[in-house]
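Here it is, the structure, as structure tokens.
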Amino acid sequence: MTTTREMLDASPTAVPFGVAEVAAAVDACLDCAQACVSDVDADLAEPDVAEMRTCIALCLNCADVCDVTARLLSRPAQCDRFAVDHLLRACVRICTTCAEECARHADHHPHCAVCEKTCRACIQACSALLDAEALEELQKLGGA
Amino acid sequence: MTTTREMLDASPTAVPFGVAEVAAAVDACLDCAQACVSDVDADLAEPDVAEMRTCIALCLNCADVCDVTARLLSRPAQCDRFAVDHLLRACVRICTTCAEECARHADHHPHCAVCEKTCRACIQACSALLDAEALEELQKLGGA
Amino acid sequence: MTTTREMLDASPTAVPFGVAEVAAAVDACLDCAQACVSDVDADLAEPDVAEMRTCIALCLNCADVCDVTARLLSRPAQCDRFAVDHLLRACVRICTTCAEECARHADHHPHCAVCEKTCRACIQACSALLDAEALEELQKLGGA
Amino acid sequence: MTTTREMLDASPTAVPFGVAEVAAAVDACLDCAQACVSDVDADLAEPDVAEMRTCIALCLNCADVCDVTARLLSRPAQCDRFAVDHLLRACVRICTTCAEECARHADHHPHCAVCEKTCRACIQACSALLDAEALEELQKLGGA
């Protein structure tokens, strides 16, 4: 069990989207942010840095958006579903673009291969929250 | 002229949405993030801290979202319009909720009055970018 | 093996202090930052929020300093030992103060108990880097 | 008068180091962080990106350390002088290295010239706080 899961389990309020799902998304976002920060550092030290400039730029945005998404999801008591929804969509988009660019360098730069993997895990975890939200909306409509 | 404007003027690439508009939004986001960070600190030191808990929670999210919006807007060369659009919408929403809560305390807590003012300035600057984007979309449709 | 460890193993440059030690410190910092962010959210939702104000304030600083320490340690290629040393000292100090305050609430607030535990793990991991650095300095002096 | 100054003036507690000095340091840190974020983006878009890799790496660390220094200085009520002192020293060091590297590119990259200027302003504002602190220590010793 991760720290995130322990912290959310100990929250005095309900956790929107579900504890397991949010904990998974927070951990995936933090993992992805870390990988992107390290990938930029590694890319800058490679001989083919000129070919890595798009990868670097995408990783920079990805790290920052994942970090803030993890922060907001770590605060269930004052969750703003509308804002979190927009952050999740931004996060999934940026992780997707970043994963695709990392994939282009994955065979010659092992750090890009790891970064791609964590971006894809983050896409999956954040998409699961968006799906849960869509299902909830649907159920509300069905119940009306 | 602010540093942000000087930096964006010196960018080797075009600045989506326009330099003046983006510089204004970055500066408004940074101002708002600073005000929210200080407002939390001030709220925690007030005798009526129990009444300030919503204000504190909203300011925390507002500071983080404004910070990341400022960072992404400060990177025009690798701008992802889709992601920036979602961040701007999250930012306008969170600033609006935060401004409304600060307004409830503005008469007895001067720090909340200042924070409300900077939230409202941030809403205006970010909304201007969203309006510019909507107009651009409309013109594309009109030109088709 | 964590993502952090995989990323640092894949770094094209040497990792100052050692890969295992830095990966452990980065993961401990990220864990601690997450716990502090969630602990603030939980504290704000507790009936005794007025008694939690010091805890909240300390967690806020702790989250931010842990986040930046994790970021700098995640960039081994351009490591500034002098700056990292100061960040580690700030981090150990803030985690210590935060752990002590969380300990005061650990019996009635499980989230504070988890937060205390992650602060202590972070102190240990960051102190290990400071110890490794001190040993290195000593060996340099001995070899002179 | 900046927002930072207004917020600190409205703080219910005393501001260690003095309001004017801290407000100046916060604003200089936020300015410098913004300039560094934009400078990285601009460097990555330059034809001589391979020559800019050190500049990019230094700006990344500088932005993150300035951001966290601004956050901690924006929270006077729960100020930890020991931690803030270490952050200020890390900040002055990183800004100095960053300014020196930007200076090497300032004649052919106007964005590096602006970035160097804001780094130097940040060094000055943070050093003023360290000087004020040293003077305070001296006065304590003199009074004993």
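The first chain written gets the first letter, and so on, giving A, B, C and D; residue counts start at 1 in each chain.
We adopt the following convention: contacts are C-beta pairs under 8 Å (C-beta built on N, C-alpha and C of every residue); 3 or more make two chains touch, one makes a residue touch a chain.
Just so it is clear, the structure is predicted and the values come from calculations on it, not from any experiment.
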Most remote chain, CA-based centroid, reference being subunit A: D
Contact-richer chain pair (by C-beta pairs counted) among C-D and A-C: A-C
Distance between chain centroids, defined by C-alpha means - subunit A, subunit C (Å): 21
Where subunit A and subunit D are represented by their mean Cα positions, the distance between them in whole Å: 29
Shared-contact residues (touching 2 or more other chains) in subunit D: 40-41, 44-45, 57, 60, 67, 71, 75, 77-78
Sites on subunit D touched by subunit B in the complex: 2-4, 6-8, 10-13, 26, 30-31, 34-35, 37-42, 44-46, 67, 70-71, 74-78, 109-111, 113-115, 118
Of all residues in subunit D, those that touch subunit A in their complex: 40-41, 44-45, 49-50, 53, 56-57, 60
Residues of subunit A defined as touching subunit B within the complex: 54, 57-58, 60-61, 64-65, 67-68, 71-72, 75, 77-78, 80, 82-84, 86-87, 89-90, 93-94, 97
